[in-house]
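Below, each structure is written out as structure tokens.
Same chain, two partners: chain A is paired with chain B first, then with chain C.
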Partner chain A sequence: MRYSLKEEIKNFSFVLPALSIFFFFYIIPFIYTFFLALHQGSGLSSLKFVGLENFKRILSPQGTAIIVIFIGGILVVFSFWFKKKIKNRFLKIVKTASIIMGIICIIYGIKELGEVLSSGWVIDKEWWASVGRSFYITLWALTFQNFLAFALALCVDKAIRTGYIYRAIFFLLPVISEIIFGLLIRSLLLPYPGVLAHFLKKLGLENLVRDWLNDPRYALTTLAFVHCWRGFGWGFVILLAGLQTIPQTLYEAARIDGAGAWQRFIKITLPLMLPVIVLVVILTILGTVQVIGLPMVLTRGGPAGKTTVSVLRIYNDLKNYHAGYASCEGIVLGIILITLSFTLIKISNRLKKV
Partner chain B sequence: MRKIIYILIGFLVIFSFFGCQKREKKELVIWHWMADRQKAFEELAKKYEEEHGLKVRFELFFPPEAYSQKIQAAAGAGDLPDLFGILGEKKIFASFIKGGYVEDLTPYLEENNGEWKKRFIKISLEFNEFKKNNPYGVKEGIYAIPIDMMSIQFLVNKKMLKEIGGEIPSTWQEFIALARKTKERGKWGFICGWGESWFIYCLVTNYAFNIMGKEKFFSTLKGEVPYTDPDWIRVFKLFKELKEADILFPGIVTLSNKEAEQFFAQEKALFSFNGSWGINTYFQINPDLEYDTLPPPPVNEKFPVSIWAGAGSSFVVNKNSPLKEEAIDFLKWLTQKEQQIFLIQHTHNLPAIKGCKDKLDKNLVKFLKNLECATHPRIWPINENPRVVEAINTGVQKILVGEAKPEEVAEEIEEVKREVVKEK
Partner chain C sequence: MHTFLILVAISCIFPFIWMINSSLKPNSEFLSDYGFRLPHKIMWKNYYIAFCEGKLGIYFLNSIIYTFVSVVGIVLVASLAGYSLSRLQFRGKNFIFHLFLAAMMIPTPAGFVPLYVLLKAIGLLNTRIGYCLAMINVGLSLSIYLYKTFFDNLPRDLEDAARIDGCNRLRIWWHVILPLAKPATAVVVIFNALNVWNEFVLALVIFSNRNLMPLQVGLKEFASSPVGLTNYTALLAGLTIASLPIIIIYLIMQKHIIKGITAGALVG
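Here is the complex of A and B:
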């Protein structure tokens, strides 16, 4: 069915407010981030165009050249792959532009790589260390936090009558402001007055007392543990909702067939919960890698930078008016997260087929 | 359907009209981050309206980090108020000036034979001054007006000092000995909010001035002297000595300034390193706290020790404001003796102008001592790259938690410095 121009305009006017908001508050800042990443400066006075210099600092000149070649390759390959499917004139222009861009990227990348290949690979070690710390916390969240959430969800799923109470209790922590929660925990963990240390001593667990926030050996793990403790409620609620969608008749049929609790869990619960688990895993990764409030109030990134996670580093760079480099760090982190999320979705789809 | 479209267009026109409408009533808008001063500011605004017939509105944005982002975003959107403050390094201040957001106030200060300029304590105004051929590329001039002052010094609890039979230390060794004595009595020798790492850099520079002298210090900043120089290693060793003397308050490396102020007010430590802004917290927690200020106890007598001091908070005038002249008149009025006394009595801050000493609280007067050795990065001819400063702060924290030796830290800092110089 074809619409007249008047009807097209009328229809378009209905989505115009939403599109405008999306365009001004999402698309423009998104594009501006890429623009800033190619510049040096605070974003207030004149910006200095530095090309890929910010990326070179993060990824090393060699790494940047390889990635540019890779992106160029992807652009060319995808453009040719869409060869037969494209009929629209606009898309044809896009395709040609992609091929040209891709070829430029490949030539530029190879040229750059030839120049810098013999020199040493110098990367921003502090940035990658901060990314490593974010993923260390994420590892804790994926294991400890999600196992705890799943175990509790399984328990509460059976307790139908009291389920709502537990749901409210476990969901209480994520609802509390991250800052307030962090300050409360900090006041408990501080070596002076040492509230937790005092209780541990009273319980005869003196050998467990540590300077959890100030000892470089424990600070990051403490941060990870506190983050998991606060965040398990999210996973719990989502997993519980997922568990309650599984028809009870399946369990009853399995029980009649003589399946034990473990078999019912492996053969029914786990396969049916797979999409929900993948969702929780993706949300956990995205939520944890972007954690900033807790390290800010718990340790301020210390001691000796041991809890400076990636987003806190971006924040510090922005605070110091290094908008260009901070944008570049944001883009790199975003690409890592997008790649991870797509990989997980692909794995989940494969598992579903199996 | 047509009716709905007409109504929508109607609303759009009305909203656009209101959106584009200019401020009809004259009103001076001022943005700031000073939560403790909002009430005093509001009273002053009321007084100004009564005297001059111009409404003044102070808008508070707290915490300071949020405020910084607010002005950064507003500058980008061309939506800055008539008057506002800029937080952070001089480089940031320079960015606002170069961006065309800040008015040069030099001609106004020089008017009537420099009447306005002569009011101020020298260092408070120098803080906002850009000298000729400055490294930021800003045109020579004074671009902000200080409304108060601050100084960062060592503090000593007089009661605790008396208990251990000690006297104000005049050397580093005496300071360590006194702090140790306090530790033996079950309290701590030294406390500071070193979780806020700029405090570390502050103390590092104070002692760098003392150990190597300012010429050599600036030569390091220029890249002519390496951080692995024995004098720099001596500076870093001071922190090792602090750790080894076991006098530091537990958890000092993640302690915030507010927490450190609270514990010092509760008489948990003999010495502290803090700014004049802390006296409010001290007074609120322990009105009977007896303390005195002293410059950092010197390590040697070869060069004088320094303290950081300068303008506490300053206001700049929006270059593009339609009320620019009114904003400058308001600043002139705000920095008159009467208003300054009102502000210092309500906010317990040091005045930015001369002639108010007799009106100051006895604890505030202590922070006006030692100003002869005052300095600040904002008045230095050159500043260190933030990445190197970060490496210094992190390195010193490493020494404090026993993760690295001073020599290793010096090597790490020098490596960052070399990278920065190479990139330049």
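Here is the complex of A and C:
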């Protein structure tokens, strides 16, 4: 059924409001990020074009050159792979353009590498330290938070009558915003008035008392714990939903065949829960690396910057009028995250086939 | 096993009980008993301080405005888009849908950086409308996906009947589709209302005028203000004001809320 142009325009108008908002608030900023990353300064008037300077600062000049060569190589290889599919002129133009751009990248990269190979290796250590802190917290989240969530889900799965009460309680914490929770825990943890310290002393656990928020040695781990404590409700609900899709008959059959609880867990629960576990892992990584609210209110970036995580660093750079550099950091972090999730999905697909 | 569950449950709830308890006593009493004893006499002054001096009343009102406007906006815009992507034909339909999907999948950690520069250039920085539009954008991809899949599974009978009766597209949408989409709308409303209410980073970046700030950013301001830094009970009163509505709504509707939010998350 062919529609007239007038009909088509009327149909299209339904998606127009969404598309316009999406265009102005997502597409344009997305493209603008790359534009900004090649500039320094902040605000439309004070931008100065600096080419790959920002990237050189983050990845070291040598690293940038190597990556440029790498991108060039990918472009050339990709366009030759495209050879089979040249159907219309548009793709032909794309293919030629990418070959040309690829070769330019390789030549430029090699030239840069030659110039820069002899000089020292300068890299923005603070930035990579902040990325490391984000991943440190993520590590805690993947272990403590998700193990706790899984353990609780397993317990609640068996407690059928009172299960929904626990589900309600545990999911309450993620529903409360991280700001409220962070400020609440901060009030408990501060050395003055020292509420938690007093509580521990009364329990006789005085040697556990530390300056959790202000001691550079413990601040980051404290932040990780608070984040995990708030976040386990998410994993709990998703894992519980997954557990409840496993039919009880499988467990019954296994019990009749004489399998113990541990065996039932390893042979039935884990394999069937694998997709859900992978989903929770990916969501945890993506969510935890980008955390910013909790560090900001719990430790304000921490004693001597020890809890400045990656996105907090980007925000601080924006506030200090380094919008270009902040964009560049964002791009680097985004690429890391995309690569990670891509790899995880590929691994999980391979595991599913087993 | 049950002790484990009960221990964790108590550790979750206890901070909130402590928070409410401490907010009802004067700061001096709090400093001496650490908030672990019931107040000698219930005092509401902390709430007054938080509400007026700490401006929590203004922040609260702002949050309500932003949440309401954004959620209504998302429901209208996303249901229109979802309906057209599902039932209407036009060029580029597939491309546009995959565009929205891709936006959901690609993590943009520093999304607020170009948004800040661009909004400043247009002059929408520090305005209510700028923030509401940004909030609508945040929830757009997921909501459109939810609506489209819902409409895909909707039987066409009522729609066809309305078309035979002579309704044009817009009237079909308003009178037939939207009422039928109530389940999807419920999920969209719950998910987005929670997201906008708890949103922090964009509000922090966009607003510099205290009177326009929503609740979360306002709390941060309050906590770093002289009052918030010294008067702990006032701060806790502020936190109670901020969290009690959510806790109450959550307890009433938790089944729906959990269903709605996990539906939203599992899509991703």
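Here is the rule we go by: the second predicted complex is superposed on the first by the 329 of 354 C-alpha atoms of A that agree within 3 Å, B and C clash if a C-alpha of one lies under 4 Å from a C-alpha of the other, contacts with A are read in each partner's own complex, and residues count from 1 in each chain.
We adopt the following convention: a residue touches a chain if its C-beta (ideal position, glycine included) is under 8 Å from a C-beta of that chain, and two chains touch if they have at least 3 such contacts.
No experiment lies behind these values; they were computed from the predicted model shown.
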item	value
Clash-or-fit label for the pair chain B, chain C on chain A	clash
First (chain B), second (chain C), both or neither touched by A:Gly73	neither
Partner chain(s) touched by A:Asp211 [first = chain B, second = chain C, both, neither]	first
Which superposed partner A:Gly63 touches (first chain B, second chain C, both, neither)	neither
First, second, both or neither for A:Ala304, with chain B first and chain C second	first
First (chain B), second (chain C), both or neither touched by A:Lys10	both
Partner chain in contact with A:Leu36 - chain B first, chain C second, else both or neither	second
Partner chain in contact with A:Leu19 - chain B first, chain C second, else both or neither	second
Which of chain B and chain C A:Asn320 touches, first, second, both or neither	first
Partner touching more residues of chain A, whether chain B or chain C	C
Which of chain B and chain C A:Pro275 touches, first, second, both or neither	neither
Chain B collision site on chain C, chosen from 42-50, 114-122, 132-140 or 150-158, when both complexes are overlaid on chain A	114-122
Set intersection of chain A contacts, chain C complex versus chain B complex	10, 42-44, 194, 318
Of chain A, residues touching chain C in the complex	3, 8-12, 14-15, 17-19, 21-22, 24-26, 28-30, 32-33, 36, 42-44, 148, 151-152, 155-156, 158-159, 164, 166-173, 175-180, 183-188, 193-195, 198-199, 234, 237-238, 241, 279, 283, 286, 289-290, 292-293, 296-297, 310-311, 314-315, 318, 323, 326-327, 329-331, 333-334, 337-338, 341
In the complex, chain B residues that touch chain A	1, 5, 8, 65, 68-69, 72, 75-76, 88-89, 91-92, 94-99, 101, 195-197, 249-254, 256, 263, 268, 386, 394-395, 397-398, 400-401, 403, 419, 423
Interfacial residue positions of chain C with respect to chain A in the complex	1-2, 4-5, 8-9, 12-13, 15-16, 18-19, 30-31, 34-36, 76-78, 80-81, 83-85, 88-91, 96, 99-100, 103, 106-118, 120-121, 133-134, 136-137, 140-141, 144, 169, 173, 194, 197-198, 200-201, 204-205, 216, 219-220, 223, 232, 235-236, 239, 242-243, 246-247, 250-251, 254-255, 257-258, 261-262, 265-266, 268
Residue ranges of chain A touching chain B (in the complex, touch as defined)	10, 13, 41-46, 57, 122, 190-192, 194, 211, 213-216, 219, 298-300, 302-305, 318-322
